[in-house]
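Presented below are the structures under discussion, each in the form of structure tokens.
Two complexes are shown next, each including chain A; its partner changes from chain B in the first to chain C in the second.
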Partner chain A sequence: MLSIAEIANSLQQWLMATFSPGWATLIEFVLVGTLVLSFFAFLGLVLVFMERKVSAYMQLRVGPNRVGFRGTAQTLADTIKLVVKEGLTPDGADKFLFNFAPFLVLITSMLLMAPIAFAKDFQIWDINIGVLYISAVSSISVIGVLMAGWSSNNKYSLLGAMRSGAQIVSYELSAGLAIMSVVILVGSLSLNDIIASQQNGWWIFKGHIPVIISFVIYIIAVTAETNRAPFDLAEAESELTAGFHTEYSGMKFALFFLAEYVNIFIVCAIGATLFLGGWMPLHIGSWEGFNHIMDFIPSSVWFMGKTFFLIFVIMWFRWTFPRLRIDQLLNLEWKYLLPISLFNLLLVTFIALMGWHF
Partner chain B sequence: MGAGSLIVLIICGIAFAGGGIFLSQVLAKTSTNPQKGEAYECGVPTRGRSWIQFNVGYYLFAILFLIFDVELVFLYPWAVVVKDAGWMAFAEIVVFLFILFLGFLYAHKKGALKWM
Partner chain C sequence: MSFLTNYFSTIYTSVRSLLKGMWKTGYYFTHHKEIITQNYPENRDSLNLPERFRGEVVMTHNEENEHRCTGCTACELACPNGTIKIVTKFDITPEGKKKKALDTFVYHLELCTMCNLCVEACPTGAIKMDQAFEHSVYDRRLLTKKLNRPDSKLMEGVE
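Moving on to the complex of A and B:
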């Protein structure tokens, strides 16, 4: 069966055979760059369309359905509209920081693409400390948010950025502790090792209740980290107009928007990798026939299916829970999630040491 | 691909953002108007500076975050080896987390977690 990894490998061998090593590496870099850029743009288009359709169905509406086949070209039309809008910089703004912030946010979400395993043996950078890399790089984006809010010279932006900063740094702790429970069970920080350890069952099934608690905490924490409803205080439309990107217009606004959606994809991909087995098919113990049938589904389909399922869950939250107040939000993290996840970490360690996981 | 992919990704990010902004500057119509440069607030011009003092609560939470984030950094190497290191490592981390939790209780008692 032809897999993505085989195509990539044969392409690399052909490049190495045809060109000198320097040129081959350069061409490889250009190819990877083009692939990442087009994937980025594609993700933006698909996720915005998905968000609109999902929210439409949750509210018994139809959603966008005029442009293209059943509205599929709607986001493309929106993008064209955003490109031809004038990008303003307010008079009082700190010009350099104001223009630098979208770059920082976008580069951060671009960098987070590196260690994600999209399919079997298909990864941009097989780094052996992938989990640490993810948690380190993802915390840079809060600087971009604070920079955007501070430099706008607007009180709404400043308040939105402060709220957003407090929220992102707070929930990073629970997300980190939830990720760590899987690291304890596997004993490795490499995403490939973590996926390989789920060959006979995903961690959410193998790890008993503590891992399920970690999974739930992880989902709550990343919903808050990506500023999604019900934790979208940073851009609470009814009180702060648009939060930290109030003053941004046109393409610069579109870049923040795009980075936000790509961040949702990335955190869901990490959640799928850690708890739901990444590209690993669903295997049940000794059911040979069932496992064999599951192996026929390509690994990339498994990965994308799990990731988009988690994205759907996060979009579902938006239409289920009302928005929290800032004190409730910080209470939830510091008085409930953090103590629970600290205690849960000890439980997971206990299970790992007793060897009770399968 | 090795660490070179980081350079590729950074260049991609700059190209994507820069390309988009450049494209919009070429294509978008521009017009000048003194009102356009004002802050988007309530319609009346902003009085005073916008870089104001903000609630000290954010600062307290940032400091608390710093404590727990450093703890998280200490936990990462421990998490990798705990399965091999055995019960001794478990006992040590229980003591470590207990001391940290006392600090957390102290902050809670002092009212640092209460939103003003």
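Moving on to the complex of A and C:
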């Protein structure tokens, strides 16, 4: 069976055979960069369309249905509009920071793509501290947001950026603790080891109630970290126009918009990797026949299916729940999520020590 | 201990209410038959407008080309943005008396916000809201309408 990993391997061998090792590596760099960028564009198009359709059906509307087949070309048309538009820089803005901020946010998302395993043996960078790398790098994006808010020279932008900063810094804690519970059970920070440990069942099934609790906490925390409703205080339209990207227009706005959706994809991919087994097919204990049938579905399909399911859940949150106030937001984190996840971590550690998980 | 029970009951009730909301939106997401928006230009012939939809003000006339407007200008006074202008004239009654009557009911559709206050103010029920909504024209003057039909008279017995 032809798999993505085999294609990548044969390409690698061909490059190594044709060029000198240095050139082959350089060509691979360029190829991977191009692939990541085109994947970003693809994600932007698909996720925005998905978001609009999901929101429409949840609000008893039809959603975009004019451009292309059943509206599928709508986001493409929007993208062309954004590319053609003028990218305005306000007079009072700090020009360098203002123009740099959207790229910083996008570069952070690009960096986060590196350790994600998209399919069996298909990964940009296999490092043994993948989980640590992700939780460390993902907090850089707050600098981009603060930069954008500060340099815009606009009160709404600044307020939105400060809120976003408070929010990301506090929710990072419970997201990190939720990730920790799986790391404790596996005993490794490598994403590949984590996926391999779910050969006989995903952690959400194997780890009893504590892992389910940390999964729920993880989903809540990353919804807050990606600044999405019900935690979208940073860009609360009714209070702050658009928050930190009030002053941005054209392609620079589009980069922020793209980074938001790519970040959703990344956090959902990590959630799927940690709790739902990444590319690992659904295996149930010792049901040989069932496991064998599940193995026939390609691993990339499993990974994408799980990730998009989680993305759907986060969209579901957005179009159901009302926005929190800033005090409610911080209450939720410091009074509820953090104590619960700390206690939960203790429980998971106990389970791991006693070997009570499957 | 009571703060602990409070703490956990808060978590329980909030999670329960959030799940309730998600159940509702999930139900809507999976039941496309309940969609209330309509594909307008395609279904122009079978458009299903709600009963209370307000498109423009019209004056009702019966078969003998008679309306119920006495020209009292109650609607003109009630209108918040000067949409209605009533021009009156003096009719001579059979007894030889002069009597105020409606000459022209001028209606500026481009100013109207469909607030329904004129219809509520009318003491004789001469005007009502119609559901026609395709009003776009290329010339602004076409939106200034005369609501009473030519040669129409006041209905017998309406004071």
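Some observations on this one:
We take it that the second predicted complex is superposed on the first by the 358 of 358 C-alpha atoms of A that agree within 3 Å, B and C clash if a C-alpha of one lies under 4 Å from a C-alpha of the other, contacts with A are read in each partner's own complex, and residues count from 1 in each chain.
Methods note: a residue touches a chain if its C-beta (ideal position, glycine included) is under 8 Å from a C-beta of that chain, and two chains touch if they have at least 3 such contacts.
In this text, all values refer to a predicted model and were calculated from it rather than measured experimentally.
Placing chain B and chain C on a common chain A by superposition gives a fit, with no clash between them. Once the two structures are overlaid, the count of chain A residues touched is higher for B than for its counterpart among chain B and chain C. Shared-chain residue A:Ala178: touches no atom of chain B or chain C. In the superposed model, A:Met113 makes contact with chain B only, not with chain C. Of the two partner chains, chain C is the only one that A:Leu60 touches; chain B does not reach it. In the superposed pair of complexes, A:Leu191 makes contact with neither chain B nor chain C.
Superposing the two structures on chain A brings chain B to within 15 Å of chain C, judged by their nearest Cα atoms. Put simply, chain C touches chain A in their complex at residues 11, 18, 21-22, 24-26, 28-29, 32, 34-37, 39. Within the complex formed with chain A, the residues of chain B that make contact are 1-6, 8-18, 20-21, 23-25, 27-31, 36-41, 46, 50-52, 54-55, 57-58, 61-62, 64-65, 68-69, 72, 75-76, 79-84, 86-87, 90, 93-94, 97, 101, 104, 108, 113, 115. Those residues of chain A that touch chain B in the shared complex are 25, 28-29, 32-33, 36-37, 40, 82-88, 90-92, 99, 102-103, 106-107, 110-111, 113-114, 124-125, 132, 150, 152-156, 158-159, 162, 165-166, 169-170, 172-173, 176-177, 180, 183-185, 187-189, 241, 246-247, 250-252, 254-255, 326-327, 330-331, 334-335, 338-339, 342, 345-346, 349-350, 352-353.
In the complex of the two chains, the chain A residues touching chain C come out as 54, 57-62, 65, 316-317, 319-321, 336.
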